[in-house]
Amino acid sequence: MKRVAAVVSLLSLAAVTVTACSSTSTGGSSAGGGVFTTIDGFKPGLDVNGPINPWNPKGNMFQGYNAMKLGWKKNHLTDPNQFYPGIAASWEIAPDNSSITLHLQPNNKWSDGTPVTAEDVKLSIALAYTQGSTAFSVDPGAAGAASDVEIIDDHTVKISQDMSNPSVTFVRGVMDSFVVPAHIWKDAVPANFWDTLKAARGEGAEAEKARAEITAQADKVLAFAPAKDVSAGPFTLERMNPGEALLVKNKNFYNAANVGPDQVKLLNYTGNEQIWNYLISGKLDNAPFTAVPADVMKRIGQTPGNAVVKGFSPVSVAMAFNQSKKPYDNVHVRRGLAYLINRDEITKIASPEGGTPALTTTGIHQKPAEAWLGSELSELEPYKLDVAKAEKEFKEAGLKKTGGKWTLPDGKPWKFTINVPAPFSDWVSAAKAVTSQLNEAGVSAEVLTSADYPLYLSELAAGKYDVGFWLVALGPAPYNIYQRLYGASNGWSILGGKIKHSAPGKDGNWMGSPETIDVKGVGKVNPGELTGKLNTAPESEQKAIISQLAKAANQDLPVIQLWDYVNTQFINTNRFTGFPENESDLLRETSGVWIQLGMIKKK
Amino acid sequence: MTLIGVPGRSGVIAVARRLAGHLARGLVMILVVTTISFLIIRNIPGDPMAAKYEKLVEQGMSPEAAQQAVNVLYGFMPTGSMWEQYLDYMKGLARFDLGQSLNVPGTGVGTVLMSAAKWTLIPVLAGTLLSFLVGIILGVYAAIKRQSKVGDLLAISGSLLHGLPQYVLALLLAAIFTTLIPILPAGGTADIMFEPGFNAGYIGSLIQHATLPVVTYALSSYGGWILAMKSSVVTVLGDDFILAAELRGMKRSIIFRYIARNAILPLFTILALSLGMLFGGAIFIERIFNYPGLGLMLIDSITGRDYALMGGAFLLITVAIIIANIAADLLYTVIDPRVRSGGEAA
Amino acid sequence: MSVTSDKRAPGVRISDLSVVYRTGAGELPAVRGVDLELEPGTITGVVGESGSGKSTLALSMLNAVQPPGRIRSGSVEIDGLGDVVTLGGDDLRKTRGRHVGYVFQAAQNSLNPLKTVGKQLLDLGRSHDVDDLPGLVKEARSLLDRMGLDGARVLDSYQHELSGGMRQRVGIMLALVLNAHVVVLDEPTTALDMITQATILRIIREVHEERGLTTLVITHDLGVVAEIADRLAVMYGGRLVEQGPTREVLGAPKHPYTQGLLQAIPRLVGDIDEARALPGRPPTLGTIPPDGCVFRERCAVRMDVCETGEPPVLTIGPRVVACHTAAGDGEQKETVTTGPTRGEEQA
Amino acid sequence: MTATTIMPEARSASATLRRNFWRGVWRVMKRKPSRMAGVVIMAGFAFMGVFGPMFYPEHLPRDTSALYAPPSWAHPFGTDFEGTDVLALVITGSRYVLLTGLVTAVITVVLGAGIGLFAGFRRGRWDSVLMRITDMKLTIPGLPLMLVLSTIWKFTSAIEMGLVLGLLGWGGVARAVRSQTLSLRERGFVEAARGLGLSTPHIIGRELLPSMAPYIAMNMLIAVTGAVYAQVGLFFLGVLPFEANNWGVMLNLAVFGGGALTTTAALPYLLAPLLAILLLTLGIVLVVDAMDEIFNPRLREE
């Protein structure tokens, strides 16, 4: 009996503590500026073991909250070089992109009271070199790398581009750099770093050795774990557990007066379904892009305060062909398939809330495509569902229809096998819907999944699949957009400023497009070379190149674009206001950036 | 006269010899299992860097930033021939160095394992002990009432729960308590708003978060205990000494104790073994309830191709099972006088 | 020994005892209409093959027939106790051990393997409300010593540390330590080697005399009975087919079954071929014929009447035999005519 | 009881024994209606696995205007993400699931019983080597190993899947059969049979195996469920190749694609395969319960 009583009292204790828990947490949020609850989309699976280190993929530095960059990229449709201020308050870009001069926030201090100076920026750049960023790279072939870092004064830094191999993305590469406190991190790189870097710029064995010396620092920098978070961001990390991280306001932040919330709570997630649950319970003040099924969307909308903000996300998903495999080497087969696939239906089934059906295949997301191509866009073949056209294309390719089934020209059965990674349920359902549509049209089709994404990508790259899902249109930098179609995966790579083409099946060329395409109304083009040019071409020329590439992609169909992603974000206006509107250029930055810019206010 | 069974000197020597034998066999086993798992793990195909990159850009990170985030990991990828890697790995093991994690670069595998292990151990231990207690009590009842409807029902429900896979239970519980009647949290370990430590709020939050995993684990293992205990009791009931005790006019309470102690003996072994298995056993529960234990970590390590971490996890599971086997045997030695004196277990 | 005669050995009268087992095919009799008297201070031996019901009979002495069996009718009267069959609950429990001691077959594990003999002795003492536990231990030790064991050491041992012979002596000790005067020994020497067998039998005989017991020995071994029993009862198919003073029965068996048994024993002197096994197999619970003589299937002198008529139970002086062939030999105690099935005779 | 059935001289009575056996089976079944239900359920699943897919076209029809439709007469368990009838998916998917289970069970039992018998029969060095291997297999964690293996191998067919599960799963049966063999040996059967001049294959095939057959049969049933769970679980975790009508794939897509644990729309899609597993388990549990009583005289005494 005594034991039973003990158990009962234990249980009641648990009940009391549970109620206590809910009361304290609501009590906490009503005081001061409140707790802003969100998740970090870049960090699924918070890890208590992660160091307080922005370069570490599991580091407990969260962009916009306690991890600061020089500037925050605007989500512009076509211009990659627009930013909101971060550590840098303002900047001047040389007209030829040869240099950028940064002016740091004048009154910015680290959370421990030390001022943020040009020295911090310089050391952070040294650290970036060890990790190999786009602007700060010791790789001799890298385009758009910095050649010099110069401290003009305590709050001014000038960074120049190596103009022997320039890139339009140089400025973006610079601004996209993390800044950490030099007084904490100074031991992470050797004192003679800049001398070594100078040596690394040269040629020959000496330079080789210097480069090796710098990259050898990578592991050490990555594992560097300050004991305590010293941040120049609006928040500092207070504590974490395997489920959540708690950040508190940094009084020394330059814009601290305008920072709304007192605390930020980052929830952990390992799968989307968790985010859905958080959203339905109304816990989250903001959730970055999350794929959501239709019914879940409805439920989320029913929770008081929940709202959806949609914006442009420069990602599209496409079905990519391996043209080394028959019959996909034949453009008519690819076109025929494009005519048979009902993209509206696919999108409705697989990504009703996170995507819009691609109007056609250009290799560019619909939104920037309008900006880049203008009226030309409407002239492209839209590949609307059209069984008659499909049959015509198939016949042109020599396929035969017997007993309601399409067969290969030699009469052998044709099995359309589409590969997707098993963990991506939206891709899996899309692939399944594609095969259902094709089966109905007499193309015998099936879905094959790979156990996980790494396996999928390595097998895709090894040319093991006929057809697979592939992300395209990664903007806004135009080179990034087209290197997904006519880049390394299709045989073209840039080495030391020169374009090189590898034959299908070699050096990761699994798409195997022909090297030149005779584009109607343009003539013979080498799409890979055109893509490479996008890296260096001035803005004025870019438009023309993109137009040619869009036509080539639309005619030759190395991929069939299925849907364009929509950056669907969730906000809850019960506790805070000031969220970005639809199509805001801040939607691809974390809510930490919105907060530090002073937008988010307690209601 | 001493009536208390203290192992004699010869008993201690026998135990020591047993232990030495176990340890030697255990070491060989560890060596073999490690080698096999090394070979399998290092042959997993896949490109974790590409996967990471694609995921980040899909998530909305710019291609440049994603590329940078991926580049940093190359330093942690194993290099050299398989044989060199193997030697390195074994050398590391000999120094109790499991290598560095790729998922959490720069962090020792041991640290990652330990921090995940605690979230598996606590709930699974609680679940196992809970189900063990309830299971053996109801098991005795089911054995005594085995000719009645109640006993039948207990046995059938036990078999059903024992037979059902954990994920079915977990999904059902999750559907009920997080979807239909959302009264319990769907993931995590504790609300971060509570200062970790020995305060009511934090512990309450811990209990709240652990409820579903613990209950699922307890339900799914309870069936096994009730069945095992029932059959053990039925076996003991048929033993001659029980009839003998009855014919000597022993009190019911004493006979009951005879039955209970003899019947529970084999279950202790199973308990020890199942505690050893717990390190590898909660994958589904942790995946469904997003509980950050070893199972979830293992899945992450596989999808992230974190070879060192995978190897460490396999090693941990193996070592735990071996230790549990040894513990079970030693436990037997302590509680079963037949083994204690060097004889064979019945 | 000081305890020898604080009570006179009681007599035991088993009358009309029937025990049935419930099976899928209905209730089957394991013991049918058994009458047997154990005179005070004697050793009675019950002999039979396996399945003859002798163990069931032994358990009936303590009203301990295990389910699915039950005593359907009859009584077991013990002097000073009354009818054991009517006892229940705590009265029955206290009778067991305190008044009637039961010794298990030597090969069986009648001790809790997890406890020392001494601890089980204490459990026994507590079960029977013995106040003087040290006295009980002393008594047990002296009993064991008496049986040629190191009492102190044995009490400190677990079952698995004891040999078969030692276990058997421990069993005897536990049956006697509470001063029971009726003792039932179920196959006391089975599975023991010859020398130990002889020792155990000697001990049984001696202790029986010293303590003034009334003893029932159940065995399949005629040799055992010949050696120690004053009276002998032969069971077959759940019935007592013959009983009487050991010497007389063995010297001049009247029942064909007893005769067969004796012929089957190879003798040390004489031709081995003279030993003739009984043909056929003993009946099991399910194959005991419901009507007529249970032994007729294997009987060399079977008559037509054996098929249908229950053999008459004849008392011839100190002997009793149930056989149609013996019908002319003596006074018929009870005649049961054709047709009575399973225990209707009790009605 | 088992002892008498394998004694050589008893074989003359084997026909009667067999008849008695079936009568016993019938009695055991009759005593609890639940056991009949178990047999009916099992038969139902077997029927579904063998004939189920024949009732449906190769490509199940879909209705894209009714995605995740709620249960109705036309769709008792609603529809899936592309408007296909969930019940049709469960029925057509049963073949793969059950076939895998069967293949696994056969391999588990053949390998397990073979190795167990051999080890127990030969004893000595063979025994210790085989048991070491068995121990090792039992030490390597099964599910994590399967997770890793699924990235190396592609289990495209049910038979392949069953093969791997079987090869991974024989350890427990081997151990159990070995200890049974040893205990039969201890009881002197082997020596007795040897004494009668019977050959080793005869002793194993005619004496040991039959006495263990019921035990092995029960293990086989349990192996079927084990295999069904393992593969459905792996499909659920999403590491196996896609089959739209696989129960595990349905669970996976319901939870991770349809949000069945979040909202109710995809709940029928989740519950249908769960229910199928639940029913299958119940059927097997009830049948095993009956078998237990048929073959285990101790439980039968009543």
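Which chain is which? They are A, B, C and D, in the order written, and residues in each are numbered from 1.
Here is the rule we use: a contact is a pair of C-beta atoms (placed from the backbone, for glycine too) under 8 Å apart; a residue touches a chain by one contact, two chains touch by 3 or more.
Here the structure is a predicted model, which is why all the values come from computation and not from measurement.
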Select the chain whose centre, defined as the mean of its C-alpha atoms, is least distant from the mean of all protein C-alpha atoms. B
What are the two chains with the most C-beta pairs touching? A-B
Mean-CA-position distance for subunit D and subunit C (Å): 50
Counting only Cα atoms for the centres, state how far subunit A is from subunit C in Å. 90
Between subunit B and subunit A, distance of the C-alpha-averaged centres to the nearest whole Å: 38
Centroid of subunit A to centroid of subunit D, CA atoms only: how many Å? 46
Residue numbers of subunit D (touch at least two other chains): 151, 255, 261-264, 302
Residues of subunit A that contact two or more other chains, please. 271, 277, 280, 423, 452, 455
Hey, what residues on subunit C touch two or more of the other chains? none
Which positions of subunit B touch subunit C when the two form their complex? 1-3, 5, 239-241, 243-251, 254, 258, 261-262, 265, 335-338, 341, 343, 346
What residues on subunit D touch subunit B, complex-wise? 32, 34, 132, 135-136, 138-141, 143-145, 147-149, 151-152, 225, 229, 232-233, 236-237, 251, 255, 260-264, 267, 270-271, 274, 277-278, 281-282, 284-286, 288-289, 298-299, 302
Which bits of subunit C are touching subunit B when the two form their complex? 59, 62, 64, 66, 93-98, 102, 104, 108-116, 118-120, 122-124, 126-128, 137, 152, 155-156, 158-161, 171, 174-175
Interfacial residue positions of subunit A with respect to subunit D in the complex: 271-273, 276-277, 280, 292-296, 298-299, 345, 348-350, 420, 422-423, 425-426, 428-429, 431-433, 436, 439-440, 447-452, 455
Of subunit B, residues touching subunit A in the complex: 44-48, 50-52, 54-65, 67-69, 71-73, 75-76, 100-101, 103-107, 111-112, 115-116, 119, 178, 182, 186-196, 200-201, 203-205, 207-209, 287, 290, 292, 296, 300, 302-305
